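Shared chain: chain A. Partners: chain B in the first complex, chain C in the second.
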Partner chain A sequence: MTTLWPIMLITFKEGIRNRAIYAISLVALMMLVANFLICGMIMQEVGKVAVDIALSAVSISGLLLVLFVGINLMAKDLDKRTIYMVLSRPISRPQYIVGKFFGMVLLIVTTTFFLSVFAVLSIFMIKLSYPHYFLRFSWPLVLLALSFITLSLILLSALSFLFASFTSSSFITLVLTMIAYIIGHSISDVYSLIQASQFADIRPAMFIVKLIQTAYYLFPNLSFFDIKMQAAHAIPLTPSYIFWTLLYGLVYSSLAIAGAAMLFRRRELP
Partner chain B sequence: MRAFAVVLVLTILAGAHIVSLRKLTDAARLMPKNEETASVVPPAILRITSLEFRSLVSDYLFLKSLVFIGSTFERTEKPRVKNGEWKWVYNTLDASTTLDPYFLDPYYLANAFLTWDAFMIQEDNLLLIRGSKHRDWDSILPFFVGFNYFYFLQDNVNARKWLLEASEKPDAPHIFYTELASKLSNEKNRTNNAIAFLEEMTKKTNDESLKDKYASRISYLRSVLQVERAVELYKKKFGKQPSDLKTLVQTGLVREIPADPYGEQLYLDSDGHVKSSSNAQFDVIH
Partner chain C sequence: MIKITGISKDFKIGVGAKQVRALENLDLEVQKGEVFGFLGPNGAGKSTMMKILMNLIFPDKGSASIMGNDVRDRETRRHVGYLPENPYFYDYLTAEELLWFGGRASGLTSVAVKKRTDELLDKVNLRSARKRQLRTYSKGMVQRAGLALALVHDPEVVIFDEPMSGLDPIGRKMVGDLIVELKAGGKTVFFSSHILTDIERFCDRVGIIIRGRLRMVDRLDHLLSTSVGLEDVFMKEVVQAGGEAEA
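Showing the complex of A and B:
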């Protein structure tokens, strides 16, 4: 742990100094201001729309953070050869990867925390202006949705570390992470479509069914973490759903980071 | 000299920018719009492509149709909205409610415009039934379905079924709904039932223009009720149907024959029902 701590801290500092963070925060702030304008146009369920926009703002900016700040943190060390400085110290390569990842987790948690404060503030202000249009509303579910967003970002970031451990350029990592994100959010719909294909009157080839079943277990199922709709309508979740989602997120992230550490240990650095 | 050239080039570019933008805006206006072709991306595709922003896309589609309907109020031509455009509104709201079936506003908008303006009653009911399946805490959507069956489709059996369904919801005025449902079987009470329905609809809406619509409908129905009562009195007094409504005025049973909301006169059909010559298919309670 004592060897991980400095790497984690340096990664966090490096990330927080990145100018891209200001741009990302600006996007989120603009969406939260737009929240006020859009909610004025809604006739009935103002609360639902306010929660939708606030949560989506946090989600989008978190995604930008993982894709454009997170991936560069790792790539920069390799590109600028600063990694030799680190590895020449008594730090193993797996320790380096895990330390970096914890730094990134700290960065994600800190940023989403600040964004969440603004999101909650915007919902709160809209709730003050239109109290009669917040009939079905639950703060605990909104906070749970925000924590699930954070967890899914951590998972995506772990996956980007896995890709970065074997690709030669940060651009390829970026593309792979984006593909994983898109598959991760659509895989469960495609999977259920394949399962119920006879009802939808389509007959997919056998190898496509196998491919999708493999993809379902290989790629992270990010749609489990998306409970924005439940939060917006205050539809309660079962404790077992919450527990298994948390466990799934932690297990998948750990697997991805373990894989990244193993691959990175065998990698030949230029 | 160089500064002058820079200013000159910038001025020309700025002018060209304004001209091209204006020309492009005009040209874009002439392009066929989605509203005319009624095409919306199929909801199943939207579900997959909207990733984790499904309910945000649902909000967006709802706002798009809301803004479109709002923009038609500036039009002067008649009918204000073409049939293809109503079809587009329906498709958009269908997509919006497929993405987020719990969202109340698209159902509300559909019920406000697809019925009174577009006469797409069956389509509106399809949306409302989807909503009442998901929003199992809410009595308003099954109530709307019941109203549509009763008022527009004149199907009392289904109207009763949906009204009873609405009465089971936690927020429903249970006794009022079940009483109204039991009254529906009495055809003679139709005008009275319609007034009861519309008064409840008025209570459930916050939209001022919709409230006005209901209010004018209620006052019209009240005058129909008045004429209907006069017809009954006439039958009791003279033992036969009046030949037309003017007879009622002549015998002093009513002061005047009221006009319907479209400015058309009421008349008496061969079965002795009070009817209006405008929009007879949907709006007249016989």
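Showing the complex of A and C:
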């Protein structure tokens, strides 16, 4: 930990001082302010809309953080060779990956925490203004949804580290991470469609079935973490769902980082 | 102190994977307390050799050790300070934070880092800019911050890749003074340059590398006593290497 701490801290400082983070936070805050205006205009299902917009604002800004600040933090190390200042210390490549990732986790947790405070505040203000639309509402579910968003961002960041460990440019890492994000959010639905097609007597090509099955097991199922709908409609979740989703996120992130560390171990940095 | 045995390194260039030989069967030893100048034209393999010593790239053949430890062992770097060519650091860190990182990552206590930071920032004339983010620094200031970073943990062996690059005459004098001070402190300095006067001023021994091959290693005083100057020796080796390549 004594080796990881300095890497973690400089990664966090480098990230939190990046101007892009202020732009992302500004976008999120504008969305949360817009939440008031939208809820004031629609005058139906206000509670659900307020929760949905607030959670989406945190989720979208978190995604921008991972894609445009997080990826850059590692990619710039490789592109500009700032990695030399780290690896010229008694630090191994796997330690560099883990330390860097912990710094990124700290950055994600800090940023989403502040955005979550504003999200909660916006829901609270709207709830005060229109209390009769919040008869079925649960704060614990909103907080759980915010925690799941944070965990899904950590997982996505771990994947971006895995991609950065073997790609030669930050652009390829960005594209691969975006593909993983899109597949991660849609693979569950596509897999269900393929399964259901058997009952409807539709036979998709075996190649397609195998491809989707492979993607289903290979890519993270990010839809597990998306409980915006449950939070907006106050639909309770079972403790086992919460437990397995948390475990899934932590295990998948750990495996991705372990893979990144393994690949990076033999990477040359000319 | 530094021992390089039979190091060869090829690089693959382009999609067709054309091989380019960067280093060929390089043998070299640098003794404790010695200032060794690694001289060669651009693309000769100086930086490649230094990156192998820092385990940033791996040799295809051969081995290298510093203070008796294999360079692949991360603990070896606890006693080594490295300044890369044209260093680039984190934009949003200050010089103080940069040195904090360097010191702490090398195992120094917070108190020791603070003391050493004050000393070194004074030495490289960056004390007044210590709280400024590195992105606001000029090229010479970044180079000086890099020098301080390389020395923050008081290493026994110092590897400088083109330390004078981007420095004005005052900066060059400062680096020169630093090298002299390191030598006086019994440190081993291995530095590369293609500026002959720098080599002449500070080195005990010189190695000339051309096209990945170490053409000669000799004491500087011996070289200067037997020829007109280092420039003559260097040019003779360049011409000879060119002739051999054509043949």
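By definition in this document, the second predicted complex is superposed on the first by the 264 of 270 C-alpha atoms of A that agree within 3 Å, B and C clash if a C-alpha of one lies under 4 Å from a C-alpha of the other, contacts with A are read in each partner's own complex, and residues count from 1 in each chain.
Just so it is clear, contacts are C-beta pairs under 8 Å (C-beta built on N, C-alpha and C of every residue); 3 or more make two chains touch, one makes a residue touch a chain.
Remember, predicted model here, so these are calculated numbers, not experimental data.
Participant: Identify the overlap between the chain B-contacting and the chain C-contacting residues of chain A.
Facilitator: Correct list for chain A: none, the interfaces share no residue.
Participant: Please give the residue numbers of chain A that touch chain C in the complex, ascending.
Facilitator: Against chain C, the touching part of chain A is residues 2-3, 5-7, 9-10, 13-14, 17-18, 80-82, 84-92, 95, 266, 268-270.
Participant: Touching chain A in the complex: which residues of chain C?
Facilitator: These residues of chain C touch chain A: 11, 48, 51, 54-58, 74-78, 80-82, 84, 87-93, 97-98, 100-102, 104-107, 133, 146, 149-150.
Participant: Across the complex, what residues on chain A touch chain B?
Facilitator: 38, 41-45, 48-49, 52-53, 56, 59-60, 136, 181-182, 185-186, 189-190, 222-223, 226, 228-229, 232-233, 235
Participant: Under the stated contact criterion, what part of chain B meets chain A in this complex?
Facilitator: 47-49, 51-56, 59, 63, 66, 100, 102-105, 108-109, 137, 206-207
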